Amino acid sequence: QPLEKFTFALNWFAVGDHAAYWVALEKGYYKAKGLDVVLENSKGSGDSIAKVDSGRADAGLADAAVVIASIARGTTIKDVGMVFDKTPLNFFSAKSAPITKPKDLEGKTAAAPPGDSQRQIFPAFAKLHGIDASKVSWVNVEPAAKIAALAEKRVDTVGDYNTGLPLYEKAMGAGNVVMLSWADFGFDMYSMSIMASDKTMKERGKALKAFLEASYMGWRDVMADPKAALAILKKRVPEVDLSVIEPNMMIGLSLMKTERYAKNGIGWIDEKKMCDSVDLVNTYMGLPKKVDCKATFTTEFFTKVDMPAAR
Amino acid sequence: MTYAADSGPVEALSGIDLKVGRGEFVSLVGPSGCGKSTLLRIIAGLRPATRGSVRVAGRPVTRPIADVGMVFQAPILLKWRSILDNVLLPAELAGKDAGRYRDRAQHLLQTVGLGEFAAKLPRELSGGMQQRASLCRALLLDPPLLLMDEPFGALDAMTRDEMNLELLRIWGETGNAARKTVLFVTHSISEAVFLSDRIVVMTPRPGRIAAVRTVDLPRPRTVEVRASAAFGQLSLEIFRTLTGS
Amino acid sequence: MALFVGLIVVWQLAVSLLNIREYLLPSPMAVLRAFIEPETQWWPHLWVTTLEIIGAFVLAGGVGVALGVAIAWSPRLASALVPFLVLVNTLPKVAVAPLFLLWLGYGIVPNMLIGALIGFFPVVINTAVGLSQVDPEMLDLGRVFSAPKWKIFAKIRLPNALPYILSALKITATSAVVGAIVGEFVASQKGLGYVIITTQSSMNTPLAFGALVWVSIVGLALYGAVVAIARWAAPWAEATQ
Amino acid sequence: MALFVGLIVVWQLAVSLLNIREYLLPSPMAVLRAFIEPETQWWPHLWVTTLEIIGAFVLAGGVGVALGVAIAWSPRLASALVPFLVLVNTLPKVAVAPLFLLWLGYGIVPNMLIGALIGFFPVVINTAVGLSQVDPEMLDLGRVFSAPKWKIFAKIRLPNALPYILSALKITATSAVVGAIVGEFVASQKGLGYVIITTQSSMNTPLAFGALVWVSIVGLALYGAVVAIARWAAPWAEATQ
Amino acid sequence: MTYAADSGPVEALSGIDLKVGRGEFVSLVGPSGCGKSTLLRIIAGLRPATRGSVRVAGRPVTRPIADVGMVFQAPILLKWRSILDNVLLPAELAGKDAGRYRDRAQHLLQTVGLGEFAAKLPRELSGGMQQRASLCRALLLDPPLLLMDEPFGALDAMTRDEMNLELLRIWGETGNAARKTVLFVTHSISEAVFLSDRIVVMTPRPGRIAAVRTVDLPRPRTVEVRASAAFGQLSLEIFRTLTGS
């Protein structure tokens, strides 16, 4: 029986966040379910969403905030699984001028590519902590220049997933990077998620479900044996530098090893949290129309894959 | 004919009324800047006349005419082509098979003493050699009408005399082939007298026709004709008309 | 003009008939709406980007001509400089964005520099080639009047190369526009490139296209200005457009 | 050559003395190590990118000359085409590349197209200008031999414009390189641009610079080839470099 | 002097041995392509001689010499400059204040009949007019040595005669200013005889010196001198040397 082709659009170039898909590929989980999976790089969530929505890819990775916003702009995609259960949204700063609490942000200059959720959702974070969002001045930077912007003190802080810590430490020295993780300050919102198009959901539901299950099995294996997962990643994408990708992946895993995932399985989407996230986007992102929470996600294709016991 | 220019118009020609018969050899002489080159260009259809009209072979000239061989005052050789390929240019431009004209081109170059230079580039030739090459180019397609702007101006006396004889042969002075019609600009009165059936003498700018002289010297013209008293007399008369003395 | 209108009609039809999503390619109508929407403050962005473009253009032109002259001046200088310039020019500028940020920081001047860096090469090459495309007889003319080499450059070679240089400036006018925008992509707080990247990543594509319309307007204006200046500076080099 | 060695020495010294962090600008030694590291399989990447570059170059050259001829051919065509081409050229390709790739898909051919799109403009402008820079007497020559307009173009105007076209091709050679890499930045599974962006996102800067070294080598080789071909195709247009 | 070219070397000059005195007027005549232009270029230091050496004013020539006025065979006017600015070019190139030469330039243009054309661009002039403009350019700085390559080739007989007289005046035939040294290439034997102290006759390529004739006609040369029997006799002799008859 011939394999069914399934294209999965990653949200970026190879990083630790993507380890599971390479592991599932390497271990033949996709093949076992009759899928011939192709992993494609993208340049950010907008790019991966466009690919999925236009049918160039069948499913993909994207930040939930961007997924929600895109629905307001006419895409017909939905989140079908979650990657990070805890939010990775975060500000990095230098130890010499640390930003340890939200109030510190006032009067500072922050850099981020405009597409990053930190940038888009910041007004919500500011509101939550009663800081004046207009007192933070934003600089647009090319993703490749984010780290340099902070390391070379061109800005006071950079908004970036906390999974990026090892990259910043590589540039600035271990212990010289200060994090302000939004999750630590009562801000809970979905972020990295798996989305699929209506077309895939309607016409290829079985394949989608199979893909998700195999991917979660990949995640399970990554959690069980990160070293082996990294070896696979390195084999598949020899250009990565494991010395930073390893800790990068480990932080990602820490965002997944939650009560919720332990209970419901890897990739579970919690309706309340999702709807809260939609509310935030509706309120703060200046969308042309409000998005209905129901229209943004479905757990129809979810298969429970148990998370290995935390070690 | 008036040239419009940023620096003001220049009236180059005025009230030119001239009829040249088929097979006739007519020379134009006149002071520098009187409009000889302009006149040839108008006849060839390269420039529109500001006033008046030109007819060639009965048809009014409104755009470049066909079947004409033109020797410009400057050689205007294409610097990226060998001399031979420059001579072959008219065949290519007219959509003819250039290959079939190679022998003729080579032969023409031989005639003007450039046989060995066929493969050279224009810049490797002396001024006079370039001028001879451009003559060959004009002759390649054996056109019935020749417009020649000082074709021998850069040649030494001896080469020039040889070329004159060669031109008369090509024109059809001897033999019974149909003669070509030739309009020939020159600064040499004796050349004009030697070659022509008629000589048109022009006034300084704006060029008008000062006089038209018929040259009733016997043909074929030979060295003896040139040495004759009638030749000298005619030359002197033309000189006088030209200088207004 | 007719072509333009036709193009816009085709665009509108394509979007309507093929049912293309607005976030991918908004219809001309949608772009127009975003463009004239009073909420958007175009002027500060337009101003910053225009400044950057003009600065990039002037820098690229000046440095390009200087380098072109240097290359044409001495074969030794040429063989040393050319590979280096080719190298600089083949380097994808976005890939070295962190270095820009390190050395130049962000703001108007760095973006001018990035724009100039993206646009200078055509001027160098065309200037160098143009300076070499001089009739040897003209050089003889200069030499026979015992002109020093630099005078021959200034009075004969350079004016002779002007059609080449002006041609390159037309090219560079458009590169300076792209360059300034790319500079804003690398790092910026204002400007049309900033608007494009910001709106694009929140999938507000109509507004991004509105900014692209401004970019085109500035580009066409600069190009038109260069053509006009070229015509005025070198009327003898009558170009067709 | 000496300049090159000098440059590398300066680079090494700067990195050592100014204490520039490796992730920003690795030392030549570090780059060399990454470059020759046997683990990295350069060939497949090099092959893909080289193909893209050559394709982009050939496309840009061909289409550019054709458009340049069209523009020089008729003023009406010019006034319709030029603004459109300027517009296309001022559009920052990085901004529209995702759109582009969405339509064309991913792979070698779309990246060739992006490269060609980035590189075609100099050829258009230089061709059009070159075609117009013909001595009027030469045109008279063509017309007097009753050549049809296209023959005058083919036999007189075009060879006469060759120095311009060749100059533009030199420029385009470098643009094609940047273009192919930019295309790979947007979407790719292979190629030097893929290596750069992948290594950059894991801060493996020495390897990214190793890829940049390859990019430069390919760029210099293509440039050298164009110069050599130019010299062979138009020996009369002796250029200085 | 041998030209190296892809298509094979061309020997242009061979065994030239010539001494020209200060203030002497020497003409070069010879068939087209015999190397006259090449010789002038070598003397000016524009081309290196393959063998042998040239000395001007006692100094060996290894690079372009100073204080020379050269009229090239082609006008070589800079198309982006007006005629006046073309004439002023030598002053600018030599680093002199061009403003101070304006009157002189305008005057020179007047002398050659181009007074009204000072503001025109070269392409608005006829062939002969361009040649005259290039003559003015060579004379601008009043150089003691003039190298002239067929300066009057494109002129009609009458203008040419006027120019000849003007040249003699400038050379210093009358008056007691120091005479210039002139090397003058021409295709007109009578022009050579009329102007020169000596005439160098050259053989066809590779150019050698066939003969050097001293012209012992009285100065100042006038129309009467031209009509004299001695003039005719000398011209004939030169013609014979040239044609080898």
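Letters A, B, C, D and E name the chains as they come in the text, with residue numbers starting at 1 for each one.
Criterion: a contact is a pair of C-beta atoms (placed from the backbone, for glycine too) under 8 Å apart; a residue touches a chain by one contact, two chains touch by 3 or more.
Each chain and its UniProt protein: B, E = ABC transporter ATP-binding protein; C, D = ABC transporter permease.
Values in this document were obtained by computation on a predicted structure and should not be read as measured data.
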Shortest chain-hopping distance from subunit B out to subunit D (ABC transporter permease): 1
Co-neighbours of subunit E and subunit A - touch as defined: C
Rotation in the CA alignment of subunit B with subunit E, degrees, nearest 5: 180
Most distant chain from subunit B, judged by the mean position of its C-alpha atoms: A
Most contacted chain pair (by C-beta pair count): C-D
Interchain centroid distance [CA atoms averaged], subunit A/subunit C (ABC transporter permease), Å: 37
Subunit B and subunit E: spacing of chain centres that average the CA atoms, whole Å: 26
Whole-Å gap separating subunit B and subunit C (ABC transporter permease), where each centre is the average of the chain's CA atoms: 50
Whole-Å gap separating subunit C (ABC transporter permease) and subunit D (ABC transporter permease), where each centre is the average of the chain's CA atoms: 15
Subunit E residues counted as touching two or more neighbouring chains: 74, 121
Interface hub residues of subunit C (ABC transporter permease), defined as touching at least two other chains: 24, 94-95, 98-99, 102, 185, 197, 200, 237
For subunit A, residues contacting two or more additional chains: 46, 50, 54, 144, 147-148, 152
Chain-chain contacts as defined at top: A-C, A-D, B-D, B-E, C-D, C-E
Residue ranges of subunit C (ABC transporter permease) in contact with subunit A within the complex: 21-24, 94-95, 97-102, 105-106, 184-189, 194, 197-198, 200-205
Parts of subunit C (ABC transporter permease) lying in touch with subunit E, wherever the complex brings them together: 135, 137-138, 140-148, 151-152, 155-156, 159-160, 162, 234, 236-237
Of subunit B, residues touching subunit D (ABC transporter permease) in the complex: 41, 44-46, 64-68, 70, 72, 74, 76, 78-80, 89-90, 92-95, 121, 141
Residues of subunit B defined as touching subunit E within the complex: 3, 5, 7, 10, 29-33, 35-38, 73-74, 113, 119-121, 124-129, 132, 150, 153-160, 187-189, 239, 242-243
In the complex with subunit C (ABC transporter permease), residue positions of subunit A that touch it: 44, 46, 49-50, 53-54, 66, 69-70, 73-75, 111, 113-115, 120, 137-142, 144-145, 147-149, 152, 154, 285-286
